[in-house]
Amino acid sequence: MNAILLGILALPLLAALALWALPIALGDRLAALYGAVVSGLVLVGSVLLWQRTEGWFAYSGVQQRLGDSMRPLAAVTDGPWIPPLGVRFHIGVDSISVPLIVLTALLTFLCCIYSLKITPRIGRMRSLIALLLVIEAGVIGAFSAMDLVLFFVCFEIVLIPMWLIIDIWGDDHDRAGRKRAATTFVLMTVFGSALMLLGFLLVYRQAGTFDLVQLTNSPVLGGHGVPLAAALLIAVGLAVKVPLWPLHIWLPDAHAKAPTVGSVILAGVLLKLGTYGLIRILVPVLPDATVTIAPYLAGFSTVAIIAGSLACLGQTDVKRLIAYSSVGHMGFIGLGIASLSEAGMQGALFANIAHGIITGLLFFLAGAIKDRHDTSDLRTIGRALYARLPRIGALLTFACLASLGLPGLAGFWGEMLILLGAYNPADSLPRATYLVFMVIAGLGTVLTAAYFLRLIRNLCQGDPADNPASAFAVDLSRIELITWSPLVVLTVLLGVWPGLLLAQWGNL
Amino acid sequence: MPLVLPLLLAVVLFCLGVYGVLARRNAVTILMSLELMLNAVNLNLVAFDAWHLDGLATGQTLAVFVITLAAAEIGLGLAIVLLLFRGHGHVDADAARDLVEHEESPT
Amino acid sequence: MIATVWRVAGVGFSLLLILIAGLLYGVAPEQTSFLNSSVGDLTIGFAVRTDDLTVLLLAVVGVVATCVQVYSLSYLHERAASYHALVTLFTAAMATVVVADSLFLLLIGWEVMGACSYLLISHYWERRDARSGAVKAFLMTRLGDVGFLFGIFVLGVGAGTFRISELDPAQISPGVLTAGTLLLLVGVVGKSAQVPLQTWLPDAMPGPSPVSALIHAATMVAAGVFLIARLYDVFSASATTMTVLAVIACVTMLFAALCAMAAVEVKRVLAWSTVSQLAIMFSALSLGTQEGRHAALFHLVTHAAFKGLLFLCAGVLLHQVGSAAFVVLRRYTRRGKLRKTLRVTFVTMTIGLAALAGVPGFAGFFSKDTVLEAAWEHAHKDGSAIGWVVLASVGLTAAFTAFYCARLWLWVFFRTPALAGAMGAFEQDDPMADLEDPDTSKLKEAPWLMLGPLVLLAVAAIGLGYVDGLHLNWVIALGSTVLVLFGVLPAYSLWSRGADPRPVVLEREFGMDRAYHGLFVVPVRWLSKLSVLGDRDVIGAYVRAVGRSGTLASQGFRLLQTGNVQTYLTGAVVGVVALAILAGVIAR
Amino acid sequence: MTTALFAVAGAVAVAAAVMVVTSRRIVHAALWLVVTLGAVAGCFGALHAEFVALVQILVYVGAIVVLVLFALMLTKAPTNPLPNLTTARSPFAAAVAVVLALLLGSGVVFAFGNQKIQPVPAGSAETIGTSIFKTWVLPFEILSVLLLAALIGAIALSQRKKED
């Protein structure tokens, strides 16, 4: 089992290095094919990892101590890495990280296939694929890291390739904007992760070990003083990545300027690192401190839902709009985590996967529309997309309905469980405030519905007479159909049968 | 003889040398004060050699080495001073501002 | 090709529903649950049940859906594939709601219906009013559904289960019960367009008429009635919810009837009439007695029949004449032209309007009477104030209903005997509409595919009255006939004098739509601008300030590089001295 | 007796050093430097380091000061008293020097306050020669290489450019 995990970690890295070593003359299609094969293997490997793990390994209820019966991790590889510091190369998977790893592998695989035919206008495909593989390796490493330092390293590995992707392959019209967006993205995230590292060091000073398994078994107790400081630092560090409200302004710019493939990976996978970090590191390792900061985290998440939705209502750029919608959805996930109840946690985990799939599809669609009209500004794209690009219009409507949380599609179950979690949070949390947050989040869903319907109305509907089809607007091509159909099928499957994922985290 | 006497003498000579280096305007006088500082060091070495008496006269040997070093150093120092003089026509250390960073346009 | 596939699938599916209803008739009620997964101590999963209520609703949905699908075969030709697919999906969603035993499965059906109604209202998306009407419909129902979801939480967590069959009002504490039922009521009010959230139904009329018939007359808006009937023991266990429901129902009844009296377009009249009739059903439910529930369900069935019929007739008018506004239809009434050419439509529409008005002998009369009887018994025997209020308001509404039915009927089909055809009645805002003779040569009867369902529903609009047995209380029957007369006579006299006095406050439907726009839409738009600017200027400014402070600091330090070697040396010596002192201090 | 001799030589050295640092005429400063070096050589003698004293006189006074005088001549140093002898920073430099002196003085007094030197003559050329060529041979060779490097450096630096 651990051979598979090591394999899906090492394969993308080695493949990326090999790709760079190959001669420059490698054609774009060949590079994309190479990427597709490698990420396909990683996808198969990650699916093999998906076996009936014994539920959630980490710490569940705030009071209900896990006790000694620590559920064993699957595919564990544990070796000394930096002995003097006591840092171990300790990776393992359980029912929280496996779905996320499969999501990562799937999205990267779809991106590589998408790049077979559709390539950004500038920059070489060869290094883009290599960078994608490096990101995939980094993210899978982060999801399976059972050691704080290893988690931090993988957390950082992912940044530079994404910066390059936004910087080089981004929006080819606006060079300065592209550079500014990429730099803001990297600097804010690095600022966040620096704080997070400080938090890890404080934890190390308190507990004497970086190893997550030991930390979860004997967590750092104490709701005030150093544990609180560590929890605050880690929370702020991860909040930049989630992104929670005040620290989110890098997201819209990064998405507006990123290429389609970059946006999908950034939204579908990188945002999950933040929430995964909260669930895996903050809640189990610093339980009492988390209880102290949970109401504030919930407060900021609710503000994120409302601010994100309101910002979407005022947007004129499709990709910025979808980026702000991600801020809203991640606000929901933050609320779910901050409620510290089983329903809230499961809702957050489910919403993580659902958001990855649906927003991935949305960004693919936005990218397709942008490539066809060479701009992502709603006013210049024109209206009546149903008349000009009927299939893409229909798919966009489906994705918008899924994203606004229509029951029967994947988006609903996550948000519903989160609201249920906020309805009866863990006992040590102030029930009244969480009820207020729940009501505001409920109104947030109405706002979410408002801006998605506004997008459909301004983009897809409209009088076809005064919106002539632009020159090279060909409707859904074969490659797009192949790339997007898994996402559509998954959205419907998870919507109709949530048990597929919920059973994984069943016995919390 | 109390050991502290030569040491205090060396300290005084050394500080006078430091003042000379930091305050004097003429480059050659700076080198002279530098010589003073080196002498103070020699005095220290010899004083400790006389006090320690390790049988190998280490202090005095090192003093000799320092003297030769001082000779080499003053040679080079004066060569540089000559270059300064040839370049700028004066040997005023205070006025030689070539190292300043020119205010290039902010990027 | 796709269109024919979906047409066949649509009709087939609705027929299948009727078949299932037939098969399930008389089967002992039982539940099965599947795909469960546990979250903490609650189980989230799906469950279905069959009992008499399910069979009844499945039959109603099946019949109306079949009529609508067949009717649409010839009514609608552009984008037929997506239309038929969405109507089939809608019917499936309604079936899910009807069959669901788990509150979550019910919520899924509930909101998929909302989504389908959104997509179908914006079927003609090239028209502005269709686009805005669809968005308004979805947002308002979505707001209601948020309350609905919270209601499910309150009840589910209170009772420890999300299964309707296991919801036992005795186990739930009264506070939780009232809160849960009130929140569910919010969802019902949203979905059935009752007073606070009623403005979306009249604006949903730009959608195709069959859609209005199916969704906004028979099924979706009736889902609220079905839900309360399904959870009747839970709802009737909390008295406050019942009083709130009664108040809402009575207010909506009168509000909608008044607005219907001032509407100038056939479909808008029918839309307001639907809201009013739904309120009658809710008032029957709010009595809290079994007779009330029975009366509501009976009225629901008959209403589905005759309101569906009326909307389909309006569809024929729209399809043949091109518009359903009174001012246009009146032009065809010279010498009974409209009546003679659209003969079948005229007959069926007359039957429908008679049933709606409650003319004795038609289905509407019987179902409205059962409501009046239930109200009378509840008021008389149990002596509850709600009974009297409901009785009074239903009676008054019956009169108003009769008034707008007669008004609609007379103005659309008959030419006023008044001088010059009463030019000013509807045309004051349409100066060029001189009543000259439009060329009625093209006017011809609708194809049989459209008329078939009309005839079927017409038969149902009459027959359904007698299905529930003829136990009539003569006093109430006589009373309601008198009320109907009180409604029809003023309409006739106004029509004969060629006047249609529409008070402005009714014309603007009490200004609620503009008020909502001002209260909610404008502030939200303003807040969104604030949020966008806030992000760009407030938070963005802080981040850029951090960047700028970096460059400013570096410029500051550059000034230290004076180029004078001695200053550097002095700095170095000072540094050494300071370190020496520090070392000394630390050593001590 | 040696203490008295040492004190006299020390006083002369300090006085001459003060004059080196503060005299307005640069050539006088160079000459005062000669006096300082001679006095220090006297101090070496008082400490029985005869060989070092002699080397001091020979190398310092003989070679280095002469070189300085040459430099003064080459840089056309004015013989009349210079108006601005020290830079604007001199008071600050003086303060730094005084603080340094106090620091080092207190350090020295604190560390070796009560140590005594027994007058044991061990400074003859024979002992210095044996110690240099027995234990300190490697540094000696490296020093010679260093002198060579300094030589080459000085020549390279003072190379007159072809064009001017």
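Think of it as A, B, C and D in the order they're written, each chain with its own count starting at 1.
One rule holds in what follows: contacts are C-beta pairs under 8 Å (C-beta built on N, C-alpha and C of every residue); 3 or more make two chains touch, one makes a residue touch a chain.
Treat the numbers as computed from the prediction; the structure is a model and nothing was measured.
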| item | value |
| --- | --- |
| Chain located farthest away, centre of subunit C as origin (C-alpha) | D |
| Centrality ranking, top chain (CA atoms only) | A |
| Subunit A-subunit C separation of Cα centroids, rounded to whole Å | 37 |
| Distance between the centres, which are taken as Cα means, of subunit D and subunit C, whole angstrom | 105 |
| Interchain centroid distance [CA atoms averaged], subunit B/subunit C, Å | 97 |
| Chain centre separation (subunit A, subunit B; CA means) in Å | 65 |
| In subunit D, residues with contacts to at least two other chains | 87, 89, 93, 96, 100 |
| Residues of subunit B whose C-beta touches two or more other chains | 18, 22, 93-94 |
| All chain pairs that touch each other | A-C, B-C, B-D, C-D |
| Subunit A contact footprint on subunit C (complex, rising order) | 35-40, 42, 44-45, 82, 104, 107-108, 110-112, 115, 118-119, 122, 125-126, 131, 134-135, 138-139, 142-143, 146, 149-150, 153-154, 157, 524-525, 527-532, 534-536, 539-540, 543, 547 |
| Subunit C partner contacts - residues on subunit A that touch it in the complex | 184, 187-188, 246, 248-249, 252, 307, 310-315, 341-343, 346, 384, 386, 394, 397, 401, 406-408, 412-413, 416-417, 419-420, 423-424, 438-439, 442-443, 445-447, 449-450, 453-454, 457, 460-465, 497-499, 502-503, 506-508 |
| Touching residues on subunit B, where the partner in the complex is subunit C | 18, 21-22, 93-94, 96-101, 106 |
| In the complex, subunit D residues that touch subunit B | 2-3, 6-7, 10, 13-14, 17-18, 20-21, 26, 29-30, 33, 36-37, 40, 43-44, 46-49, 51-52, 55-56, 59-60, 63-64, 67-68, 70-72, 74-75, 77, 82, 84-90, 93-94, 96-98, 100-101, 104-105, 108-109, 112-120, 122-123, 127-128, 131-132, 135-136, 139-140, 143, 146-147, 149-151, 153-154, 157-158 |
| Subunit D - residues contacting subunit C, complex | 87, 89, 92-93, 96, 99-100, 103 |
